[in-house]
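Okay, so chain A shows up in both of these, paired with chain B first and chain C after.
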Partner chain A sequence: MKFFKKRPYLQFISPGIALYSIFVIVPVLFAIFLSFHEWSGIGSMKFVGLDNYAKLLTDPRTSEIFLNALGNNLKYTLCVVTIILGVQLVFAYLLNINIRGAKYFRLMIFLPYVISTAIIGFFTLIVFDPNLGILNNILGLVGRADLKSAWFGDPKIAFVLLVMVILWQSVGAGMMIFYANMKDVPKSMIEASVIDGAGEWKRFTNIVIPMLGPSFTTNIMLGVIWGLTIFDIPFLIGGPQGGINNSIDFVNQFFYRSTFGSAYFGETSLGFGACISVTMFVIIFSISLMLSKLLKRFKFND
Partner chain B sequence: MKKSFKFIAMLLVLVSVAFLALGCASSATTDSPSAEDTNTQTAADTPSPQPSAEKAKLLVWEHTPQFEEPLKQVIEAFKTQNPDIDVEYEIKTADQYYNLLATTIQAGEAPDLFWTNGTATSNYGSYASQGVLMDLTDKVDYSIYPEAAMKLVDIDGHYYSTPGATADTRAVYYNKDIFDELGLSVPKTFDEFEADMQTILDAGYVPLALGGSFFWSTLFTFEPILAAMEPDWLQAAAKGEARVNDPHVAAVWEKMIEWGNKGYFGVGYLGVDEGGQLLAFSKGEAAMTITGSWNVSTFSSNNPDLNYGAFQLPTKDGTRPMIVTYACGFAVSANTEYPEAAVKFAQFLASVEGQSIWVKALNGVPGLSEVVSEDPVIAEMTQHDIQVESFYSILGDYASEDGNPGQIMEEDATKVLSGNLTPEEFLNSLDALMQ
Partner chain C sequence: MKRTYSITDTRASRIVKNFFFVVLLLYTLIAVALILITVLSSFKTKSDLVQNTLGFPQSFTLDNYEQVLLKDKFWLYFINSTILTVGGVALLLFISSMVGYGLSKFHFKGRNGIRTYFLMGLMFPIQLGILPLFIMLRSLDLINNLFGLILLYAANMSFAVFVLSNFLRTVPNALIECARIDGASEFRIYRKIILPMARPVLSTVGLISFVTMWNDFYMPLVFLTKESVRTLTLGVYRYMNNFLENWHLVFAAVTVALVPVIVVFFLFSNQIIAGLTGGAVKE
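Right after this comes the complex of A and B.
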């Protein structure tokens, strides 16, 4: 008790620590513990040591699927940080300089973000289904039936289509963060640059972008973490198997079908799933650490 | 200004705590752990005024909305005969069913009765060995069932589930209007079937709708084509006398790939899932589709005006093989609060009366000679010359001790159609996991 009395701040934070431990720390420790066992969810656990990790990283079949999924995650994260971020930046700037109809565009761009992802999954079915979807039907009607495609059934374009759908949905959120930050750019600076004869592009690259440090940090961090843990839209579109030829298979879907079993099969393997999640935890943690150091170096963190 | 702020903040905190308390209280009575896609219905016609302390309440879980109607009707009939037992049911979606079931069993709140796929999936055996299922061997009358139906519920001589009285088969459903328009009749040989598909393609319809992105649609189309092309191999394999990486089986996959490339499955069939496949047929965009006998009522409920029939795919010489797999029924939880009532319900499900109601409501193919179906499509579909096994059942029957060919099949079958895996590689990987 003396320990606590001498440090009153501990008494203040103990409820928070208790809740955090119960809901975050303990499950993480349990997951690490579970990854060394084999367990189907009911009944007893069997200790198997590093077998799960060996299977994940060296078994030819499983490791190929895992590395494919991980590669998809990294590819996707790259797309988020470059393409999606770029589009959000450009849109935010266009709204900032108040082009015609800015208020209308702001609403329309942000609207897809509030639609729930389950509805978006269904929406992709309505648009992209090869037989019943709107897209193929319109192509047939305007006489371009040669462009009809399997869309998400074509392994070559499924990934690109997925990024486009997610771009459509998520441009709104990041754009608003950039837009809010742009409002902080002092008007006097902009006016001074106009007087000095700087064109639109120079203004954009030399004045506005350098001042967007905080929002860049936020968006990049969020984008990376989101890219590494994405699950909902690819699952709704491609199912637990991750689409044709695992083209839109991501690590979380791989985790889902290993742990809970795929469609009808029902083989649950919680130990292996815990192993996947511990591995991903290590990967995401190291990437986040590197990223925050990198962002600090570029003085994006004010 | 500050004071009213404080007051509003206090109010908000109270309201959120109240909601939290309400949520916790109601989650103790509602059963489903996942809020989406569950459908809770009380099958009671008359609301019971004051449930007496002894009134038994049973909860039944079913895995797909396709079986909601038969279950509802069986429950109605049961309740008229047993007014002192209250029965409710919940329908889950098929791809979440086993996750939800495992979670609820683990939480100790398993429903009193729940559907399983019997010995067709491995978790039935593990549930039985861990004492999750009640042993029904001496409690339910199984005498009317043929051995093939009992195979699905039997673990080492003990029965843990009611059998299914629908003998499920797969058939080629065809759109009678399109056939009439093109002057086609039900093909009598395999070659005639292929020629018909070309005619239909030239006329601008999709000859054979297939949901290529969904494994089970591919499987249910593959099995009848295998039976029509290689019935001898199939019958030998059912006895354990043929391997799955036989060139005959590879030839069937090659045939399917060839049909896909010719456009017989429609443009971009690899992007279609099961729902899309069934809808394409229901809407009349596809002239034919191969799927299970359990979908007879799906088409008429999708499109009541659809004029359709079904036939078994014939071999080169006109023999019609019919694949028969028995469905499975419901298992009883070992920890049910009302064991007597649960067993009574299980017995009713397994009786001729219960099964007749089920088969009729589902429009299924009866597997018991005592149960007769009146549906004309079923009558047309079940005309056959020889009975054969399903390929998937053979994989399950002859799987090696720790091999899981069903899982490999589920993960890789669609890759064969998309050209990412050759049929030989695929079949070799399956064969490696067989005895």
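Right after this comes the complex of A and C.
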């Protein structure tokens, strides 16, 4: 008791430290440990060294799936930091210059972000379902039945559609980060440019964008992390298998199949599953580290 | 409303602005239309829905809701989601505000180390620890148990601790010293001074956590597999898997899951938007 009397902060931080250590830190260490073992979940574990990693990267049965999924993750991340980031930037600027209805737009663009991914998946279904979907219905009504498509059933366009759906859902967050940053641009600079007769476009590219270093850094870093850990929406739309021909298969879906989805494959190897998640973490960590160095060099991060 | 029309506002730039206005209008109409279609369709009979997919309901019926809420047990999923969210938010706020207080108003050796330790959690993607968590919860018999998931939600406190300890640093020390001299116990100071002062930050963190936990799909998918603990998002997901069979029911199910979050969003939109995005820039 005297020990605690002398250290009053302990009664405040120890419950948190216990909970956080047990359910956040220990599992991460356990996952690393597990990735070097062979274990089906019951019985004893067998130490197998780097076998799981070798299997993941070189065994054609798994490496093909993994590399396809990883490729999709990278392709998708690239879309996030180019297309989605661009849209967020433009939308934020429109709000910043107080376009007509800005208050309404801010609210409504952000709205899908607070809607559950399960419901976003449902919205996608009622729009794109080949038989019952709104899109094919409308195309039929306006006499353009020739434009009807299987949408997500067509592996050639499924990926593009997925990016569009996620853009629609998540554009609001990054947009608001840009928007908050734009408010930091000194009024005097804006006014000076108005007096000098600079147009809106010039002001946007020459004055506002160079001031957005911090929000670019934040949005790019968050975009990379989200891009490499995406799961919900492709899972809800494409199922555990990642759509037709694995066109929207991502690493986390592969991970889910390998660990919790024994029903799909008949065998579960928890060590192998842990190995996928650790590999992914290493990839995410190294990419973010390189990016933050790179962004610093470009003076994006003052 | 103040508009920034200026001397440079030429005709050309006004056309561009109007163009973007139309773009944004159409863009935001997608959400309005989808929500309207969902809510309206939830009141249609099955045959009405087939013949008149996009139109206004011919006759309002509550049969879908009766089927979804009572027979398909969405009332239970609603209660489960509520218990999970309320329990998760309450425990998270309680524990993280204590940690925030401990880390901001006491000086001790290793404080910065502990602060960094709590921040590390922001780095780990949820999938990294999920498999060991599954094994741990299974051995503790906390799989298919709402309390197990509440513990997990509260344990992911990195963001909350970060925000709260930053805020509590601004609470004047004099206030705490005075109370201490008056003989108040440390816990009483926390309850009577710290918590009331932190109310605005607590409510922001609470709102964000509410939205995240209510909407969460991944953790319930992994940890709650029995019907008795199923949440609304899982209920919607199961209906979607049998979309053709349940077509007329899905709309009512989605409406039940959607309405609470939409109401909270429109009531507290400023706080939610600022909380979800503002903190990220001003680190």
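We take it that the second predicted complex is superposed on the first by the 271 of 302 C-alpha atoms of A that agree within 3 Å, B and C clash if a C-alpha of one lies under 4 Å from a C-alpha of the other, contacts with A are read in each partner's own complex, and residues count from 1 in each chain.
The rule we apply is simple: a contact is a pair of C-beta atoms (placed from the backbone, for glycine too) under 8 Å apart; a residue touches a chain by one contact, two chains touch by 3 or more.
The structure displayed is predicted, hence computed values, not measured ones.
> After the chain A overlay, clash or fit between chain B and chain C?
Chain B and chain C clash in the superposed model.
> Under the stated touch criterion, which partner chain does A:Gly43 make contact with: chain B (first), chain C (second), both, or neither?
The answer is first: A:Gly43 touches chain B but not chain C.
> By the touch definition at the top of the document, which applies to A:Pro240: first (chain B), second (chain C), both, or neither?
It touches chain B, and chain C stays clear.
> Taking the superposition on A as described, I'd like to know which of chain B and chain C A:Gly273 touches: first, second, both or neither.
second
> Would you sort A:Leu34 into first (chain B), second (chain C), both or neither based on which partner it touches?
Touch partner of A:Leu34: chain C, not chain B.
> Kindly classify A:Phe152 by the partners it touches after superposition: chain B alone (first), chain C alone (second), both, or neither?
First partner only.
> Output check: A:Leu222 vs chain B and chain C. Expected answer is one of first, second, both, neither. What do you get?
Second partner only, chain C.
> Classify the contacts of A:Ile83 with the two partner chains as first (chain B alone), second (chain C alone), both, or neither.
Neither: A:Ile83 stays clear of chain B and chain C.
> Touch check for A:Leu67: first (chain B), second (chain C), both, or neither?
After superposition on chain A, A:Leu67 lies in contact with neither partner.
> Applying the touch criterion given at the start, work out whether A:Asn136 contacts chain B, chain C, both or neither, answering first, second, both or neither.
First partner only.
> Report the partner of chain A that touches more of its residues: chain B or chain C.
Residues of chain A touched, chain B against chain C: more for C.
> Please identify the positions on chain A that touch both chain B and chain C, taking each partner from its own complex.
Overlap of chain B and chain C footprints on chain A: residues 41, 118, 125, 129, 132, 260.
> Across the complex, what residues on chain A touch chain C?
7-13, 15-17, 19-20, 22-28, 30-31, 34, 41, 90-91, 94, 97-119, 121-123, 125-127, 129, 132, 134, 137, 168, 172-173, 176-177, 180-181, 194, 197-200, 214-215, 218, 222, 225, 228-229, 231-232, 236, 252, 255, 259-260, 270, 273-274, 277-278, 280-281, 284-285
> Can you tell me which positions in chain C touch chain A when the two form their complex?
It is residues 1-4, 6-8, 10, 13, 16-17, 20-21, 24-25, 27-28, 30-32, 34, 37-38, 53-54, 95-96, 98-99, 101-103, 106, 108, 114, 117-118, 120-121, 123-136, 151-152, 154-158, 161, 186-187, 190, 211, 214-218, 222, 232-234, 236-237, 240, 243-244, 247, 250, 254, 257-258, 261-262, 265-266, 269, 272-274, 276-278, 280-282 of chain C that touch chain A.
> Can you list the residues on chain B that touch chain A in the complex?
Against chain A, the touching part of chain B is residues 36, 94-95, 97-99, 102-103, 105-106, 117, 121-123, 126-127, 129-130, 132, 206, 209, 212-216, 266-273, 275-276, 279-280, 283, 285-286, 404, 406-407, 410-411, 414-415, 418, 420.
> Report the residues of chain A in contact with chain B in the complex, numbered from low to high.
Going by the criterion above, the answer is residues 40-43, 118, 125, 128-132, 136, 148-155, 238-241, 243-245, 260-268.
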